[in-house]
Amino acid sequence: MINKIVQSIAEAMAGIKDGSTVLVSGFGAVGQPNVLIDGLIEQGATDLVAVANNAGVGHVGLARLMELGRVRKIICSFPRSSDPVVFETLYRTGKIELEIVPQGTLAERMHAAGAGIPAFFTATAVGTLLANGKETRQFDDGRTYVMEKSLPGDVALVEAWEADRWGNLTFKQSGRNFNPVMAMAAKLTIVQSQHIVELGDIPPENVHTPGIFVDRVLHVPYGDPSGF
Amino acid sequence: MINKIVQSIAEAMAGIKDGSTVLVSGFGAVGQPNVLIDGLIEQGATDLVAVANNAGVGHVGLARLMELGRVRKIICSFPRSSDPVVFETLYRTGKIELEIVPQGTLAERMHAAGAGIPAFFTATAVGTLLANGKETRQFDDGRTYVMEKSLPGDVALVEAWEADRWGNLTFKQSGRNFNPVMAMAAKLTIVQSQHIVELGDIPPENVHTPGIFVDRVLHVPYGDPSGF
Amino acid sequence: MSDSAIADFKPLSRQQMAARVARDIPEGWYVNLGIGIPTQVADHVPLEREVIFHSENGVLGMGPAPAPDKIEPWLINAGKQYVTLRKGGSYVHHADSFAMIRGGHLDLCVLGGFQVAENGDLANWATSVNDTAPAVGGAMDLAAGAKRLWVLMEHTTKDGTSKIVHRCSYPLTAVGAVKRVYTNLATLDITPEGFAIVDMAPGLSFENLQARTEAKLRPAAA
Amino acid sequence: MSDSAIADFKPLSRQQMAARVARDIPEGWYVNLGIGIPTQVADHVPLEREVIFHSENGVLGMGPAPAPDKIEPWLINAGKQYVTLRKGGSYVHHADSFAMIRGGHLDLCVLGGFQVAENGDLANWATSVNDTAPAVGGAMDLAAGAKRLWVLMEHTTKDGTSKIVHRCSYPLTAVGAVKRVYTNLATLDITPEGFAIVDMAPGLSFENLQARTEAKLRPAAA
């Protein structure tokens, strides 16, 4: 019997190696796998590359991981937040690398990684600082596009609303955001889910992320999102 | 009030021009918009480029459109079928152009068109006849990939299970297939739907194709798929 | 610029600016509103005029802000404010959401700006090449992807420097993308010949507007 | 080849070939089975051993064929046969389905073949460069995309020509992709040194197998 449900946070985080690229989902606090991020802090892996939309808030979660010196580089679209003090201090003192990526390009680079596409062209960022040094090319429509490479992860940390033992997932409202894309882009996809449901409870037409993209599921009924 | 629901097949097909690229969904008979294809036959546009998985069966639907000399070129993955006589005759006598595209590349070329991506790289077909004359390139993983260009449509003919007046769609079982991809890839997306539902009847988490990709919806309660 | 010059006319309030943009959005458009003043545009589109608002984080068909006791904690917009979803709305993931943007499926995007140039260039994400860690978010995707890009911003900075310029001095968000600018002083179209005035704040003269504007303006077509 | 040579052993039936492959598929794998004999492999995987079958047309978690009175007209596989869906199965669209394939998410794909070469090349879609309108379907995507590609086919054509070859003479489906071949005569691994025998049909000798095979074979490791 296939059973991707794990019983402890330690089991969920087992085997994450130093130097890993970790995709951390969420947009604001919504769809953000807080318990798994805390689990990663506990687990100890270091020299990480973090991929997330933001660069952490306050001194908790991703910001805490950075504060502990465990993140070598962050790839994100929006390093600002309501309280970005940890990132800004590290960045000003040269203790963290930053790669800023337009939000849609960030999402598509991970989608491409999950879909076996090593590179694609987009008009986003053409003629801006964020296209510096990148290959550009004109296509048949006469417009210039920049080539962007896929962004695969070693690990994805995902937050779901429902999950079953095959790893099928649903997401609630705007909690979907980066979750399905990161789930498909990583070698090891770890999910915290509000609810665990029986196989077959999610109608097959309405599975948002099929279990093929999921490796481990931890039941975390943690309530409403918090900590924007 | 937005209302994408049209009252007649003539209204659904209005304005399709000679020379159009028409994306025709379906895999076998499932998810195939038979009534719209017949509507296109009736409507009269000619010199068409048809994009479909197959090249028609028997003397009906897409095969009939070809038999009438209205299709200049077909782009498909699998020109064979249980009864491909029309296509084979036209092809053997040089009366139709054929572009064979691997099925996944075909889907992704349309997905890319819908997503504003003019070209992408894939390992599919590298080293085969279908990559002849196409640019290839090695990426960081040491593997060679071929560049494929997006495939936009002027018109998409789509078959849905449910639709509302904003054009939100659901699909039944494997009837989804090329439908969502073609809906997003065309300038004018025309849908035949088994059911018309009230706005809000489709749960917002379970809309399969959001109305932003849909222009016209015709109610066609035509029953089970037939004509493999 | 003398105080008396300012006394000649009444610049639009932010409310009025948002309402001015809202007036130009027809029923049936799919529209993304940027963070800041642009977000307020939605408040001025009556619900009966069905305009479908999109948010980068995968929300299509946003409605007004919820009553405080009706907040859905999982339903926010790109500005991380609580919103509602209208009947007919839907949720998608981030890659699908930006496929809508990049693929040209939005009829309109309204963004804030630091500078708009007469060639349609927009600068709205960084104020210097040396900005430490500027935050781009979805601005570049929206600016390059939407069918129409309008910018809604104050006409000048607080110290009176024009934000309507010949060429942007700040790092660009997108090249040649802006079609129209709405400011507290005027509505300007970007044409092959540069900025053309669509309308001006009540009481403002062409000369007075030009005096506050770095770029050369063309009077409204008669 | 004399009739007496054939009398020495018993080639596997198609049923036995499918069962032989099924034996090697562990629980938990995501597997795509090509049209033809490969499709029959699923019949030999007991339902208790949960193997998740994928079909290119967006079906994940296929079950056995339905009883004639339980057919769901909207539920077919890539071979356009009616199938069922297991609990835990799901539907996706074609681009997402091929993202699973191309992105390396399938543990295994089993395809039929015209020729397999000792360098792992597969030819299974066209028998000549001049084939009028050969039909590729999803074969190239599957061959290039799955984590493992196995081929299931007869060892020779009807006239006895070996399909296990030094180099393919037919147009290729994929380059260097095949890991293992199951035929009615043997199971062969493709190694950096070429074909290595894993097992042979009962009663078949190495010499007899080699005599029916164009490519050079290496005996099974002791």
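By letter and in written order, the chains are A, B, C and D; residue numbering begins at 1 in each of them.
Just so we're on the same page, a contact is a pair of C-beta atoms (placed from the backbone, for glycine too) under 8 Å apart; a residue touches a chain by one contact, two chains touch by 3 or more.
Predicted model only: the values in this text are computed from it and were never measured.
Separation of subunit A from subunit B in touch steps, taking the shortest path, is 1.
Most remote chain with respect to subunit C, judged by CA-atom centres, is D. Put simply, the C-alpha centre of subunit B and that of subunit D have 29 angstrom between them.
The distance from the centre of subunit C to the centre of subunit D, each centre being the mean of the chain's C-alpha atoms, comes to 56 Å. One simple way to say how far apart two chains are is to compare their mean CA positions; for subunit A and subunit D this gives 36 Å.
In subunit D, the residues touching two or more other chains are 85, 91-92, 95, 98-99, 101-102, 145.
Residue positions of subunit A touching 2 or more other chains, listed in rising order: 108, 111, 115-117, 122-123, 171-173, 176, 204-205, 208. If you draw each protein chain as a dot and join the dots that touch, the picture is not a line, a loop, a star, or fully joined; it has some other shape.
All chain pairs that touch, listed by label, are A-B, A-C, A-D, B-C, B-D.
Interface of subunit B with subunit A (complex): residues 108, 112, 115-123, 139-141, 143, 145, 149, 170-173, 176, 203-206, 208.
Residues of subunit C that touch subunit A in their complex: 55-59, 72-78, 80, 85, 91-95, 97-99, 101-102, 126, 129, 132-141, 144-145, 171-175.
Listing the residues of subunit C that touch subunit B in their complex gives 27-28, 30, 48, 50, 52, 54, 60-61, 85, 87-92, 95, 98-106, 145.
Within the complex, the subunit A residues that touch subunit C are 27-28, 30-31, 55, 77-80, 87-88, 91-92, 98, 100-105, 107-108, 110-111, 122-130, 171-181, 208, 224-225, 228. The part of subunit B that touches subunit C in the complex is made up of residues 1-2, 111, 113-117, 164-166, 168, 184, 199-200, 202, 204-205, 207, 210-213.
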